[in-house]
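In what follows, structures are represented as structure tokens.
Both of the next two complexes hold chain A, though its partner changes from chain B to chain C.
Let's look at the complex of A and B:
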């Protein structure tokens, strides 16, 4: 029972005034590095992006979190971005629940979250380029929608 | 007992202020209209610690493409930490149809991050006197 009271207090603290039905915040942007084992792969395995999603009590039917297909956002000039494959895995946890998919995929994914949850979502991206990577900076972009 | 570590984790994460965030309320609504125009009042909030500029986009119900014949009176708003502002969504309902659902997404403007966080909702307008 004490735990329930604690949880209720926590949620009450987090729930910003009446306007916050769902809030999405980026806690850690993530970093991609060239794979140590394969020069054709960029991976964020050691620098995953994490997000914090807060839903509150007014969402009676829960909340759907949709993870878009990831795309290559920045890359050096002359790099054949069209031949690169961008994929992603995710892991989401909240009190009394979780959702994850550890298979890399370039397709959108979604999962449902019950009423009043604080969700920690961790993304791990992978970019595969058959021709390898030119020297320069690369970054991916994933759209996270809370609806 | 397993809840305790989860709760502790949630507390720690909650205290770490995210770099960008937004909120939208309500996230779903529906209502009638006597004409072919329907409007909804929405609240956009910035619950975190930095000033944020948000873009408010009328979209299709799947949040994939921008919606035609739909507008937000303040499509770009800058909010102080912890503040909110109301905006008005208006959209046209085809006279040949009895209802239309519009999506609205709120997202940060010019966010340099690997993740683009969006909060989206759906709003349905029903034309009165169309048999149902």
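Let's look at the complex of A and C:
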């Protein structure tokens, strides 16, 4: 009986490999705008936060979602990137649980989610530049991983 | 066989899957510097008749307002005489100086200086045209072109 059960569980798992996964998908890319009250700050809090869906259907003991430190990816020539600070906040919710940190930080963060959880993750990024911003395009990048 | 199946099942069910995605935030900063000239300059002739300048008696320096929300550079092009009356013989030297937001003594050369985040601030510009041969009667115009970017 136990053998049959184990075999059935194994076959079910092997037959649905796409389900047995932890995936991260970006639903809404973030958009940062220059703060109306502080020209030193470019922030998605005054633009559009990034919305992600993390689906964890593997690991009996849940999984850990890690948000890397945000970094400045592109910026106009002549911008003093070395003096800029890139920070982020996050808010994650799933059925019967949540995790968030609304304090902007440049450090990586992580949180655990239970198995079979579909996590809605909202990220905000901001760039603070003591000398302000030159005209042009900027982008920041954060890596979200689950394992 | 049973042990193998259980082990395989456990491995599949418990093995941590790994996924990673980069999240990109984009931002576009529009023009962060504005210039305006609320007061154009007026040049008058010196007592010796060899200098037409905004810092002569009754002359008026130009006032330019600068508002910058970021790391910008203000550039003043080399000054030039752009209009003069018919009969004027030429041979002049055109110079500018500025003060306020930044300062520089009279020069014929293009100038540039950096500005950060500043509120509306005045830049006072003086212009003078020097000609040892003097000036024909009429209207003269000299200019420098300011850019901020």
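Everything below uses one rule, namely that the second predicted complex is superposed on the first by the 114 of 147 C-alpha atoms of A that agree within 3 Å, B and C clash if a C-alpha of one lies under 4 Å from a C-alpha of the other, contacts with A are read in each partner's own complex, and residues count from 1 in each chain.
The rule we apply is simple: a residue touches a chain if its C-beta (ideal position, glycine included) is under 8 Å from a C-beta of that chain, and two chains touch if they have at least 3 such contacts.
Owing to the predicted nature of the structure, the values given are computational and were not obtained by experimental measurement.
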item: Which superposed partner A:118 touches (first chain B, second chain C, both, neither); value: first
item: Chain B versus chain C as contact partner of A:24, first or second or both or neither; value: both
item: Chain touching more of chain A, residue-wise (chain B, chain C); value: C
item: Contacts of A:137 with chain B and chain C, given as first, second, both or neither; value: second
item: Which superposed partner A:93 touches (first chain B, second chain C, both, neither); value: first
item: Touching partner for A:147 - first (chain B), second (chain C), both, neither; value: both
item: Touching partner for A:109 - first (chain B), second (chain C), both, neither; value: neither
item: Which of chain B and chain C A:73 touches, first, second, both or neither; value: both
item: Shared chain A contacts, counted only where both chain B and chain C touch the same residue; value: 3, 6-7, 10, 13-14, 20-26, 29-30, 44, 52, 58-59, 63, 73, 123, 125, 139-147
item: Complex contact set, residues of chain A against chain B; value: 3, 6-7, 10, 13-14, 16-27, 29-30, 44, 49, 51-52, 54, 58-59, 63, 66, 73, 93-96, 118, 120, 123, 125, 139-147
item: Contacting residues of chain B [partner chain A, same complex]; value: 3-4, 6-7, 9-11, 13-14, 16-27, 43-45, 47-48, 63, 82, 84, 103, 105, 111, 113-122
item: Chain A - residues contacting chain C, complex; value: 2-3, 6-7, 9-10, 13-14, 20-26, 29-34, 39-40, 42, 44, 47, 50, 52, 58-61, 63, 70, 73, 76, 78-80, 123, 125, 127, 129, 131-147
item: Contact set on chain C toward chain A in their complex; value: 1-2, 5-6, 8-9, 12-33, 68-72, 116-117, 149
